[in-house]
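Across the two complexes that follow, subunit A remains constant while its partner is subunit B and subsequently subunit C.
Moving on to the complex of A and B:
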């Protein structure tokens, strides 16, 4: 494959592919942002167990990445996103979202501050035209760097021990902070971040380091049962953690065909991030108006009776009137209950008289269930080990 | 014998109308001047062993509801989605199109990383306009000056659809309907070749340039169709475009309808202000309680209806109806597959639309020639090789190439086309292809060159306009073909229109035929068993 024959490989392989391909016993791959990504290496339950018990590794390379540099990088990002990017200390990370002029969410992502004027945005969707247009008038450069960075997510209660064994002392590293280590003549950045709601780290490097790093990490992690995981296990963990995913739990405003599909930070439960005092940011006027007038929708966590996943279900008020829909659901092994994320009309956000209609598959035959649900706080699974510094030694 | 309906012209819309009426129990007869049926949707064998789609050449707009209602798949219709597409650029490069989303993004990124990421937003915006316009295709436009309950209900429906939009969306849409494709694309893209590819749909069949206001709407007209729900996708009718009209003819026969070939309509018989049938050029009369013309509005009323039967204002409007020819066509039999050295081996792009115009400026220059009364010296061509996918049209290893060419004026500097003009036009197009595919001319076994002159003479399209009238905003919806007559009726009782001159316009869509049939059935108080329009996305 060369520049012209790219079409022969529409799904690219990540820099870790030489390792993940061998380990993917089921050969189960799915597309993610133009890459092939493992859905499951061999056993979803064991992979989920690795996240909650030992140490798991997920290949993060397909995540879309933009590097924002320049003297006015902080000012630009304050204008772009709803959170205060200027206050984010160098060496720190925060979760954030950015909106269109109507205050509807375009995407969510994590923002890494590598230097005073050096940020990295990691997100699900592609935004180069929006970022470039938004940067007009700021002394910044925006560059898409997805292919220039290789990344792994190391998650699980033993992940600090694994890193320690690999020669990276992260005992003092607090959540949402990052630290840089030398590795074989290059550098590896370790951030205490993740998408599982557990203790975990994300490891960032140049693609050339990918394979040696993988080998080193897996050799170091063997005593803790380090294990590659696929998207299926990760998805279960993120539902337990109550995290949302763009284009799964909400449609980005710039992709919505129906205007009423777009959602605001209020409607996704993300308004806590809005910094009203930092000055103007894109969508601020619309969001202020929504703050006054109220929102149409709400994103809620649900506790669902029984043991059947409510995936793809419709919610009703009083069993009759459609009130919303489930965007993600699972039986949670970690909290031993059936949980769901759902969008509901704002007036039903408290969950009174809210019901879910589930089609339960029992030996090739669907059985309709109508079950009362309860709105509960997220995360559904929220272990203290996630926040503990230093983390537990195992 | 007096038919319930006599339909003039066995093109796709005439046949669609005839089928619906026959299925509703009417006795119908379609009269056709040519020895074959199909109008501009035909498969012709003009070189031994080869089948040409020698007029229309691709399908996307044909309504799937009609395929279902008239059981066209049972009568042999298959639509094959096509792959690929490419614009070849000066200097040996190209921009390819790919069905795979990621491959397409990377291909765009080869030219502009910005444009690669802008394409999804662009598609989203155009699809939003499609979602608005598509439900109107199979509805009779309301008459805004009428107080009939049906017109008022239809206006309310339209108003409600507008009301669903935000102010911003409505502003965007009104701008889109009236702006040029060049200006519209400038709002999304930076790279000339990407803009040149995307502008194609805005000029095909229209006597507008890419910089003419109103051309953006023409893009939508080409974008709102689908192949099996894939909106914006295009495909080939297996066996050529004639497969569509052949399936319609079989469906009509199954419903008991008749077709009389070989003699066209000389005039519509009008007595006491009421159409009563037609006189054919061979002298035969075909009597009917109503006459439905699938000919364009100019041909129908200026050539086949006595002027004294028509209100002067109507005639004036019909004369003013814009139906300027803008295109020609080359149909080529090839001894072997052409090679385009710019493309890597194995690239799927030859299985789609191929272009040689790598900037909007060049397209506009081609249009400048048309304005001056010449065919374009450096024309825009929409080239297809259906036999890359369809195995039924040529012997194995041989190919049929369809070249749609713009611009070709209806007259050369105000005079009729001569055979020498036609041959020079054909040579210009062949030379252009040869430039990007060396050795191409040596593969040519036979060429049929069609200018607006041939299109008018054979198919009956006035000035060779493929849409039976331009798709400019002044000639759409309740203004198509002329204000006050957008509901398929004419000023003469019992004389109806069902061709592409009526709403929603041209392309092998079938919607005008179906809408006309719906109005005829409504007036005849016969049940209408048409499928409701499908949801869009």
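Moving on to the complex of A and C:
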């Protein structure tokens, strides 16, 4: 492949591809942000089991990353995002979202503060034009560094033990904190973050370290049955954790073609992050107006009877009137329930007389089910071990 | 700290009109003018020892009738000389007054101007209107419906013709309706005057309709353009407005997400319930407010408000009267549509046209005190000048001056021999002197896509802005510039309405 023939290989390979390709027994790949990413290495149930009962490794490299540096990095991020980035301590991480002028969510992501004026944004979609436009008037540099950082997500109750065996003492590391370790002449940053709602860590390094690190990690983790996982198993875990994904649970405002598709932080249940007192931020006036007037939509967690996934289903009020739709659903092996994330019209957010119409495929024949659903708190699966410091030794 | 109910930034005609209207309704208003005298584009300038010329605008199509009456400008000394005829300089000069002219095309020209004036008549009321919003609420539907009916009342044939022509380019109209190159050139020149459009650019006719909607005649105030500003200052002060000159605003102060005053470059702070900016919207948002109080999308769109100026201003000090058919006429040198278009082509590439087109007046023929006895000043608007010259400002200015003087000499033989001093203001000079971004007279190009509810931007088109307490009142807002005070008057209406 060269500059003229790149189209023949439309998807890039991550720095870990030499290892993941060998392990991907099903050769199941999917596209993610321009990279090929493993959907499943061999057995989704076993991969999910590794997340919840052992140690799992997910290749995070395609995650879009922007480095924000400069004297006014904090001020820039405070205007960009709804949360207070200035208050985020150095060495910490927080989940955040950013909105357009109308207060509609453009994306969510995690914000890492590496220094006083040095942040890293990790997110699902690409936003460089918006970030650069937002940087006008600020002493700040914004650069996409997706290809310059290789990352793995090590998740599962045994993940701290695996890291310990690998020589990284993370026993004192609290959730949403990070620490740096020396590794083979370079540095590896370990943050206690993840997308599974379980104990877990994300491991950040230079691409050149990727393969030696992978080998070291898998050798160290072998006693705990460390296992690479694909997107399918991760998706199941994140549904159990009640996490949302851009372009799966909501459409980013800048990609929405239909005027009523974009959603505000209120409508995604993320308004708890808004810092009204930090000064102006993009979308603030629109969000303040929405706070006064009320929102049109709400994102809810649902408990669905039976064991058929409600994926893609429509919700009804009184079995008749369309009230919303399911954005993600699964039968959860961890809580042994069928759960769903759904967008409902705000007036139905309490879930009274709410029904889901599921088309259940039974031996090539669809059967229509109309089942009563209950609105329940997220996360559906919320183990104490994800917060415990030090984490349990297994 | 002095406190006012409203601070108006910018003492041009719009700022003064806005302040005057607010003060008449009992507001305590201060106008802050960065320059030594108020007036903005309507001011006088001693460009050479003993020679005075209109600093920027040298004619007007008349002050908005609402401003004239509302501020009692006649009582405060504003009067106009008889309307100027236009003299198209050519081997055979042609005199034009409104639709009246001579030659083979006289009847066709009269019919065309009558038709365009009729369109302008039904469009004129829109100039006095707060632009509608593209939403279902917040519009004066009754008024809008009446104006819409007014257009429909043109009758079936004229209404169809109106729709055909409203967005057409002026060159097509000239080619369709006229045969005389002198008139075609005049039409093309007038439509593109002060615009960053050539006669063949789409939508160029609407600018001519807009000018006709301002008034049918080209006027010079008695006492010169500065007298117009002076009368407005007197009228505003009589209404209670405090006009402060040499008071450049450094920034708009914001507390609790609301504009609450301004800080001057001197460091002085003034507080007010409302801050009204009659200067460029781009300068207002980018420099005075800044990104910290504005949404990123809006701030970014502000940067992209198109504001390229294509007009240069020439001042000549003459030792004797120039050899023109009528010293008190407006002279136009625009030999044909093609010449106007070809004068526009080079500026797209940052170059200076070989044969610029222009209009000029001889202000000293109206006011004897602008030059010493027997001497004269010539004030010309020369198009098109590159707003971003490739060769650099100095070289471009020198080339523009030389080309302009060559064209002038060809049409006014002997003129170069009379020139004691020449000053040419390029768009950048106009920007530096008058704060007009890009050197554009209208503080943002007047073009269909930046008109009405899109002027200067959707979020700020009704004079209010996304920042509560901050309003726009300058030429950058509907209905644009032209030394008539309409935008300022409209803005004051909106401020009072709230």
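Everything below uses one rule, namely that the second predicted complex is superposed on the first by the 393 of 394 C-alpha atoms of A that agree within 3 Å, B and C clash if a C-alpha of one lies under 4 Å from a C-alpha of the other, contacts with A are read in each partner's own complex, and residues count from 1 in each chain.
Basically, contacts are C-beta pairs under 8 Å (C-beta built on N, C-alpha and C of every residue); 3 or more make two chains touch, one makes a residue touch a chain.
What you see is a predicted model, and the numbers here were worked out from it, not measured in a lab.
Chemist: A:277 in the overlay: touching subunit B, subunit C, both, or neither? Say first, second, both or neither.
Modeler: In the superposed model, A:277 contacts neither subunit B nor subunit C.
Chemist: Could you say whether A:363 touches subunit B, subunit C, both of them, or neither, answering first, second, both or neither?
Modeler: Touch partners of A:363: none, neither subunit B nor subunit C.
Chemist: I'd like to know which partner A:292 touches here: subunit B for first, subunit C for second, both or neither.
Modeler: Neither subunit B nor subunit C is touched by A:292.
Chemist: Which partner chains sit in contact with A:75 here, subunit B, subunit C, both or neither? Use first/second/both/neither.
Modeler: A:75 sits against subunit C, while subunit B stays out of touch.
Chemist: Counting only touches as set out at the top, which of subunit B and subunit C does A:34 meet: first, second, both, neither?
Modeler: So A:34 only meets subunit B here.
Chemist: Touch check for A:134: first (subunit B), second (subunit C), both, or neither?
Modeler: Second partner only.
Chemist: With both structures placed on chain A, which of the two partners, subunit B or subunit C, ends up touching more residues of subunit A?
Modeler: With both complexes superposed on chain A, more residues of subunit A are touched by B.
Chemist: In the superposed arrangement, what residues of subunit A touch both subunit B and subunit C?
Modeler: On subunit A, the subunit B and subunit C contacts do not overlap at all.
Chemist: Spell out the part of subunit B that touches subunit A in their complex, as residue ranges.
Modeler: Residues 96, 98, 100, 102-103, 105-107, 110, 113-114, 116-118, 120-121, 124, 127-128, 131, 164-166, 168-169, 188, 344, 346-348, 537.
Chemist: Using the touch rule from the top, collect the residues of subunit A that touch subunit B in their complex.
Modeler: 3-8, 10-12, 31, 33-34, 102, 126-129, 132, 144, 254-259
Chemist: Any idea which subunit C residues touch subunit A in the complex?
Modeler: Residues 257, 286, 290-300, 303, 459, 466 of subunit C touch subunit A in their complex.
Chemist: Which residues of subunit A touch subunit C in the complex?
Modeler: Counting only subunit A, the residues touching subunit C are 75, 79-80, 100-101, 130, 133-134, 136-138, 279-280, 282-285.
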